[in-house]
Amino acid sequence: MTGDIIIISAGSMGIIGAALSLFLAYADKKFKVEEDPRIEDVLQIIPNTNCGGCGLAGCRMFAESVLVGKVSITGCVAGGQSVADALASYLGVETQTANKLYAVVLCRGGEKEAVKSSIYKGEKTCVAANFTGGEKACTYGCFGYDDCVKACKFDAMAMNDNGLPVVFYDTCVGCGACARACPRFIIEMHDVSHKLFNYCRNKDKGAVARKVCKVSCIACSLCVKDCPVEGGIEIIDNLAVVNYDKCPQDTDAPIKRCPTKCILYDEEEKITKEFYYSTLKKTAA
Amino acid sequence: MDVILIFISASIVNNIVLSYFLGICPFVGVSNKTESALNMGLATTFVMTLTAAITWPVWTYVLVKFNIPFLQYVAFIIVIAALVQFVEMFIRKSSPHLYRALGIYLPLITTNCAVLGLALFMVLRDYNYIESIFFGFGTGVGFTIAILMMSGIREELEYADVPPVFQGISITLIIAGMMALAFMGFAGLIR
Amino acid sequence: MNKKVFKMILVLSLTGAVSGGILAKVFHFADPLIQENKRRELREAIFVVLPEAKDYQTIEKEINKEKITVYKGIDANGSSAGIAFIADGGGFQGNIRIMVGLNTDYLKLKGIKILEQNETPGLGNRIKEPEFEGQFKSLEIKPKVEYIKYRKPEKPNQIQAITGATISSDAVVKNINNAVEKVLKNFPSEEILK
Amino acid sequence: MEETKQEKPIEQPKPVPKEPKENPIDRLVVSSSPHFSTEDNVHKIMHTVILALLPACAASIYFFGLNALFLIITCIVACMATEYAFQKIRSKPVTITDGSAIITGILLALTLPPSFPLYAAVLGSVVAIGLGKQIFGGLGYNIFNPALLGRAFLQAAYPVLITTWSEPLTKAAKQGIDAVSAATPLALMKFEHKITPHLDLLFGNTAGSLGETSAIAIILGGLYLRYKGYINWKMPLGYFGSIAVFGGIFWLVNPLKYPDPLFHMLAGGAMLGAWFMVTDMVTTPTTPIGQWIFVIVAGFLVVIIRLLGGLPEGVMYSILLMNAFTPLINRHTRPKVFGEGGQGGLTG
Amino acid sequence: MAEYNLWHEFKKGLWQEIPPFRIALGMCPALAVTNSATNGIAMGLATFFVLLCANISVSAIRKIVPSQVRIATYVVIIALYVTVADMFLAAMFPPISKALGPYVPLIVVNCIILGRAEGFAQKHPIVPSIMDALGIGIGFTLSLALMGSIRELLGFGSILDIKLLGNWFEPWIIMILPAGAFFVFGFLVAIVNYLSSKKPAETHGH
Amino acid sequence: MTLKTFKHGIHPDYHKELTAGKKTERAQLPKKVVIPLQQHIGAPCQPLVKKGDTVTEGQKIGDAAAFVTSPVHSTINGKVKEIEKHPHPVGGKIMSVIIEGDGSVKEWGNGSIGLDADTLTSETIKNAIKEAGIVGMGGAAFPTVVKLSPPKDKKIDSVILNGCECEPYLTSDHRLMIEEPEKILWGMKAIMKALGVSSGYIGIEENKPDAIDALEKAKKSIIPDLKIVPLETKYPQGAEKMLIKAILKRRVPVGKLPMDVGVVVHNIGTAKAVYDAVKYQKPLLERVVTISGNGINEPKNLMVRIGTSFDEVINQCGGMKKGLEKLVIMGGPMMGIAQTNLDVPVIKGTSGITVLAGDAIRPAEYQPCIRCGGCVETCPVNLMPYRLTDYARFNEPDRFKAWGGISCIECGCCSFSCPSNRPLVQWLRVGKLRVREAEKAGSR
């Protein structure tokens, strides 16, 4: 009796199993779809944050594109060199050097420096304020709301006491989300080798610019003259513009005589550190 | 008339999610977007109806006939697993877009306890074949209704100021609790 | 390709067969115990509703393709201690199964015990509390068991419904009435007492 | 890399607004258009609703005495305290003065039986505000009507207490007893097939929740709200209409078994629900079609639950159920954008 | 190295990945059968048993199962152990078997088990799989016991049938109902979220 | 008879009594004018003069070769002082010609009112309008001649003159209709002639009965079969699409122009400018500007030379009230643009300068949305603003677009009626911007 039941059970289950696996095998053959299984693997390698730094619509798109060779393995800016290396070894190609980029906020006209001309009553985001103009008289500078900070997916930005965004030099992966979020295009993406920046975007004439902000560029040309290489710095649209192809990035000579201290050298790491200290002090107190 | 009552009972009055706690995982997992919730609901309804249609003969003509009811769970689950896999392959072929939207959730239907639960309830309640199919379909519709409602609410909450610790699963479950409270109003409607 | 299919079939059917076999074996050991548990439960329930009974006898009848089972209680003297049967019917949410004990004179209930119920906790499920079940002790079944609300029972065939759980109380009474009626019709007392 | 991440502050300090040196009045204001707005505001609406609820409160105190007063006060205080506590914990601005918590408190109290214990009322208030409102982020984000959620919670938590009713003082005095346990008109209808006279229902001379009894007091408040323009006429009208139509169908089919439509409207929570809960802005649809769907289906549910369901009253559940559907309704009843659809510019 | 890993595999189930709060798996039984502490523990243990056996079996046969029938094979194995557990409960502890009702068979579809089988046992050898099952199983049992205790305390005033709250306490019936289960679960998840969000903040100070 | 109108909309306080009864005064001749080279929608002009050049009133000083553009003229006699970027009332800085006046005034012909309509051809009219630099004077500043030159496949059958002036405070069109109805009607006749259209309408809100009377009286001798349609006083009655719906019951499809349903809508002021241009070849040099609002000491209607600074205009109205917060708007309070700087010039589209002060300014604080549906109820284009703003704020351009957000006409009804005082329009603008950005990124 027991033996019977065992045989019946085993038999019927075996038959059901066999029937279903046959059915599945048939379905598998019938509905076969080819999809590159490597896409999932690539998604595992890259940070998969959909930051948009590669300029494609999402990480999956990047994975698909990198597999067919449409984009370079260094295309994932957020991943940087380590991801480029990992992708190289996964795809079995030679690794390339990724350019590390980082974001630079080209305005230093915070609460202390910029002149305020109006009282802003509206939504406190830069993109909204850009329709009407914010509180500051300068129409080129930072609004002081935090669209860029919110756009950063890597927690690499914060607002400082002066109402200006600060980029954490170490944490920034260079995806450019903040630069895209800024309606006044104050944030620019730069190669890590760039050290000399004109921290002002005001294209008004010197006299006008000076009136609205203490640290504005007044286009006095002193830095142009002080630059060791001819044409390293030019005045375009009432602004000193550093030509990174020519201007040497290992000297702070051009900034010495700047009357408004808008052009500065090797400032980014300092800003980050300062910010650390000030916030640490605050949390301690 | 009976089958209609069974259908209404399974879909609304004794909603599988809100009064039997079955199918909670996909209910929580796939309810953040209305579109995928609807697709999930439809896929589940399809699987449920098929499950009812296939497990009933397996139960009646194999397990009962050979007097081996203790193989119930094993037999049912293997049918369900195969069905889900079939549906997965089918969707993958017929609508890659839908496949991408549902993606990882399709295998979840296998572990959707609502499907197995439905097969077990069906046996427990001695439904005949037609009733079983209606029961399976009704349960699927009930699941779809619940997950759709939840997805609607959750989409609304994307823009709400929910305290961070409650975000995600927590608030979803609490809302489910509230929905269960509201569904208590149907108690006793169909006996 | 064919090898793969073969492997699929082999693995799945083998797994199925092995588990089927194992389960059959386990079932073989567990089933007697499970059956024993069920019997014991039934026995206890019968003895609750027929307190004098020390043993029981199962009587089955098939009427209109419907199987009706009653349990005849036998007291210490070997004479009848009343009959017990299960009243099964819909409650507020799902079924209520009641073991009903009937006096051999077929006039009064000896007691009831709720075996299964799915009523609202704290409200409907108070039907299984002794205060409620106890009301059925020596309750007259003719013409019919009735319930009244908010007041103490006035007639010998009345019980007081649970406040706020009228539907559950109603369901219990209805189930009992139905079952009693069926038993009275199909199991005349002479048949049982003989 | 890990180290630097750890060091990074979690809280980002907000810039400290500096006191401007010059007189701010000299600076012009800039804002986005429109620069102009209506004088209605949330506070005003809420306070008007509170005012509109006063007649119902007064009626309940008249019929049920001090018990009712204590219950109302307890609910209001507990609701405000809960709101305060939540907002303090989340360090959000405290908005207990905007009146919404008070409304929730009053509404909750009005749905409770007069003899309901105060500690349970406190629990209900905590649930109403805590679970019903603050957990979603406060006013405006809640999905369910907070007061009804609190009441539904209590119904599930204390099913006995919440269905223990007493006769109004006016009747009890006549019978010479203090408090008699009694059945509500709806329970009488459902379980004993007794129809309470319409006049009693209208004035509130029946057992029931504080706010369920006096229809006329609620109508007064509701009409005041309508006069002030804070409720959409569709909502109460549609709700009543739907109840009347579906209730009427049952009544026509079997007038002996089922009560007439007027009874449906006057008995139980239908009045309170129609004027103060269906009209709750936050938890009901915003689109014109959606509003109709909401009230019609809710009315249908009331009739179904009352007549066919296990419970005597369905207003609360009908509204809660429809609350849960509201996001979906809103999404699928979007009005057609002006000029959208069809080429029919010339015919339109 | 192996030993270090084993401890980790065990430990993670107790807090880092404690189901069902941290990894949202196995929610159905956690909601359905936790109306008393006893039921919760019984369910937890039953799941634990199945999990352990399933992890061992899956890990043992992981290399011979073709991917097309992987899930089907695994669920059959799981169903096997579940049936065994079910029969065992019915034979030895009938009251518990009755209280758990149809939820014992539903262990088959408890996502935890298939989840661990798919996610862990399939990729790891037997010993780590056992440790994983032990950790997750114990974590799950504890979670269920916790939920059962809370619900029983509020819904009946007792834990493990021992009356803890006096007669002054009017039990909240809702805690035994579906709605209450959802609320308790939701709040426990929130508490776990809160605790885990606090932890890194503490280390941050150093 | 119920008045014609459209669905939804709002009834704000109009405050028109401040200036409605005041006759238009001629403003003082400005000593300096700033003529921005772009005062219209379309291609910006290139300067035709150099620094130091002497210019005369009405001399063309900027033009562009594009189709959609409009030339600019010097509005005084004097000398070009500078050509540089100057703040513009619409926002930002625009290349402008700054002219210092010598105090003399040119006389433009002053004959009898009326046009010799028979001798005018469509081409001569259009040419005169183009040369005069006429743009839509209701605020949008779309070059008029472009509207009068529809593509061949679009058959225009009606012209509507927009005399609604639904913006609160503004009365410049109202005054013009009372004071110069004949000129308006002659201008209208020229427009109809230019388009070859015989059916014309003037839509006027019924709160301006005197304007309706004046036009009714004047039309008999000029265009007898012109229909003057009184409309319900409701904001935004003057929005093109709403006006067409109210008068002709036609709906302009989403993303289409009135032209697509055979209608062209012009402003009252435009008609008057057309008359001047056709009759005297006088360019658009001055316009009626209402200076009103509770922050102005003496609200007035002024005939102002284009290029006069806001500061100067406001000073001629007794200046602004002291001691209160002030908000200076070009246009009316519903759709006007707030100014940060009073150095900006009056341009062709400046129908008014509204100065709000103190409590009249919308507070900055807002409360959470209570989903009252007020915005849905008032939106004239049937949007659901409260929902769209969520999509805008959370940067979901796809949903924003799917829910019709780009159809928003920014009329401000939603923000106006919001009891929580939410800046809905601002968010809607952000949403529209995000949609445009996403489309740009998508097409890249």
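In this document, chain identifiers A, B, C, D, E and F correspond to the written order of the chains, with residue numbering beginning at 1 in each.
The rule is short, and it goes like this: a contact is a pair of C-beta atoms (placed from the backbone, for glycine too) under 8 Å apart; a residue touches a chain by one contact, two chains touch by 3 or more.
As the structure is a computational prediction, the values presented were derived from the model and not from experiment.
J.: What chains touch chain A and also chain F?
T.: B, D
J.: If you walk from chain to touching chain, how few steps can bring you from chain A to chain D?
T.: Minimal hop count between chain A and chain D: 1.
J.: Which two chains does the highest number of contacting C-beta pairs join?
T.: D-F
J.: Going by C-alpha centroids, which chain is farthest from chain F? Tell me that one.
T.: C
J.: For chain A and chain B, what's the span in angstrom between their mean Cα positions?
T.: 43
J.: Starting from the mean Cα coordinates of chain D and chain E, work out the distance between those two points in Å.
T.: One centre to the other, that is 39 Å.
J.: How many angstrom lie between the CA centroids of chain B and chain F, rounded to a whole number?
T.: Comparing mean C-alpha positions, chain F is 59 Å from chain B.
J.: Can you list the residues of chain E that touch 2 or more other chains?
T.: Where chain E meets two or more other chains at a single residue, that happens at 68-69, 72, 76, 79-80, 83, 87, 173-174, 177, 179-180, 183.
J.: Can you list every residue of chain A that touches 2 or more other chains, as numbers and ranges?
T.: Residues 5, 8-9, 12-13, 16-17, 20-21, 24-25, 28, 117-123, 128, 131-133 of chain A touch two or more partner chains.
J.: If I count partner chains per residue in chain C, which residues reach a count of at least 2?
T.: If we look for residues of chain C contacting two or more partner chains, we find 4, 8, 11-12, 15-16, 19-20, 23-24, 27, 31, 92-93, 120, 122-123, 167.
J.: Strictly by the criterion at the top, what is the full list of touching chain pairs?
T.: Chain-chain contacts present: A-B, A-C, A-D, A-E, A-F, B-C, B-D, B-E, B-F, C-D, C-E, D-E, D-F.
J.: Which chain A residues qualify as touching chain B in the complex?
T.: 5, 8-9, 12-13, 16-17, 20-21, 23-24, 27-28, 30-33
J.: Enumerate the contact residues on chain C facing chain D in the complex.
T.: 92-93, 120, 122-123, 149-150, 163-164, 166-167
J.: For chain D, which residues are in contact with chain F within the complex?
T.: It comes out as residues 24-25, 28-38, 40-42, 44-45, 98, 137-141, 232, 281-288, 291, 330, 334-340, 342-346, 348.
J.: Which residues of chain E touch chain D in their complex?
T.: 170, 172-175, 177, 179-180, 183, 200-201, 203-204
J.: Taking the complex as given, what residues does chain E use to touch chain C?
T.: 64-66, 68-69, 72-73, 76-77, 79-80, 83-84, 87-88, 90-92, 94, 155, 171, 173, 176-177
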